[in-house]
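Everything below concerns the one structure shown next.
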């Protein structure tokens, strides 16, 4: 199957901006987009499964199950601003092939809904952070770049790994403009503080009025999901490796 | 080829339940389903090969050969209960891509035979087990959950790896209801005791009358298969790795 | 591409036996089949390339190049015996997916030429060999087994890795009969002595009259090929790993 | 997608020679072909993306982005010589499957433009280099070989890894003639000196008059690209591995 996309609804959107929020360094994108979904009037319109996601299921507190999954939400602006497509999920793909496939599918869906602009979010891993973390920007074009640096972001110098980087590159090739916002983070824990620095820039750039007071709710939810996936309890990893060896043998 | 399915017979089944029993932690699922196949009147109706299975053959005591293989059996209830589709085999797929493909194929076959309910079985690895091992349950829905916990199972909290987890997740996405039963196990040896705790719950849930007195026969058979695959004799592993290096080089 | 097969000629063959001789443990199969190609009147009728072969080329002494390659030869019997299809090459596939694909293609070609019987050859790695190495047999069926053990082979107990094992398993699934011959070997060097023990059994089973006096010619040729692939000079391996890292980065 | 090729223009070329210049050992090919692109009148006519390239984007000094990419340029000779197709890029594919796919696509494009001759360039890694580095040649055929050794190259003995080797092998299978030029290099840094020894041979073989005085410009540019990809700063690698583990988990 590679990528299986289920689209529940084809919304009519006004020049929408695609915002990527999959788990990555410091889970900044994940927290920021979950907060947008919580605070804005949004509606889930598509879900994506990929055979490049991990082969497991996670249990919830009540014994229910949760699969590796990506979701697309839309938000219709009420103040005449641009509509949003929010790409949220609990995983990226495990292989580069899967990553390209996933990005290609999402770009196609966004194009069909009239989008030609995308924003990706990420953490920029640092050994230590002294003072306020910096926010950096990389962009598909100089004009967009100057608009974003006007909000106080620095110029990103380095590699942007995974979906956050790939989307800017592949988007550009398909005629999208856009930018990537990255924030200094230790990257070891879900970094609500990082998201707190990213969201005001989204507010300004997109004319949103998202409050930050309930940001910790999103951060807590992400933390819980991570724990259920065994990410924070490192021990689970070791077990998993053993299990994969079992599978290999028989 | 990825997945090659050969179907010998398309049985007419009455609202059948799909039971997954591939090798996994403690080989609990493998032992339990082999015991069902031994004790119930069952018939093999399909076999599945995948290029995501290992590339070897195993010899039997008489010099015959046995390939990595999955099989589907059916059982027609005689007491008006639900029929069964039993998924048995000597391997899971080696790659996540192969795992998704395999699950997808089996779900399609089960759907075509009228199944909308599935049960998966697994071990829940523990460092040590004091007293009677616990049996846990995770489910696609609350109603099923409460029916299974009524038989004394606890709520599963954690990750369910491999096919046992994937099937509950992918099944749910395709409209199946069902549950996963997991039992505390050390996981280092084929765990007949774990299977002995799982089977009474299947008996109750499915109105089966499967006796457990000959369970050791199934456990011994699984143990023999594992030995022939080199799983229990760890040394074979090292050799295998060397051989793979050879293949890589020339 | 995965597998690209080029067939130069479709020979008319009399009930041919497919003999597999790719590089494996001790390179016994490789030496034995090259000797058959050298001694019998054979003709190359097909070549196979796979994107699961390694991505390199090897230079010959004169600066020419040699690619990872599989070849098929045929031999027409002159004494009314069965014709042969000999599968020779300088590599197996690097992935299990590639291995299944390769076997599937060769089985299809052999079927189209009327073959329903196959022989694979391999080494059975031992830490030490005291006295004459044993030759073992595994077979698709009891009748074939008893015919081969009549020539003094023991019953193989264990795993048969790679193409030699896979072909017996996949062949059986497609209605081929056949057997695998394995000989004790240290496996660290091209083992002409192993081939010397395998070939008399092929002579008897197939009514061939292949002399063994020039076997060292084939063993030397295989050794040269291995050296050019860097197999025997272990140092090349380390370099290769570095190079792969380079490729990964940029 | 695997390989996505975008062709801007289909030039009419006179018996063109395909020159491969992707990053490899010592980045000799990369520097040499970038210098050709800088010095000759060339035009970019195609770009190639592959899902076997790495999943990241690189930022430029101004915050712009650069994706893993291959490009094809053409050069029309003004002195009645043969035209050129130059294959340049910042990456090879990460998997052997991707490498075969990439080579196959470029060979097809080159064939369609009338090319039947190719040249690949590489470094031949040495622990230490005393005196002038040697230049080696491997060729598809003896006639080409003798033409190139006439320019003072030695006969290559060994393996040619990656695209440089694969193209000579796969090209030969598709009826291309050609050769690979390799130069002794430590391989740890972009080796302008290696390129300085390769280019005079291309000048002679192809009747080009490319000056070498500005070669350091190309070497510096390659070095900058490598630094942006984190190749020279080894620390980035470690981070990347951590990030990949993150992706694996959630």
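Chains here go by letter, A, B, C and D, matching the order in which they are written, and residues are numbered from 1 within each.
Rule of thumb we're sticking to: a residue touches a chain if its C-beta (ideal position, glycine included) is under 8 Å from a C-beta of that chain, and two chains touch if they have at least 3 such contacts.
What you see is a predicted model, and the numbers here were worked out from it, not measured in a lab.
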Joint neighbours of chain D and chain A, given as chain labels: none
Interface numbering overlap (same over half, different under half) for chain B and chain C: different
Geometric centre distance via CA averages, chain C-chain A, whole Å: 50
Rounded Å distance, chain A centre to chain B centre (Cα mean): 35
Residues within chain B bordering two or more other chains: 54, 94, 229-230
Chain A - residues contacting chain B, complex: 1-2, 49, 51-59, 61-68, 94, 228-230, 236, 239-240, 242-243, 246-250
Chain C to chain B touching residues, read off their complex: 23-25, 54, 90-94, 96-97, 99-101, 104, 125, 137-142, 145, 149, 155-163, 165-166, 168-170, 172-173, 180, 187, 225-226, 229-231, 237
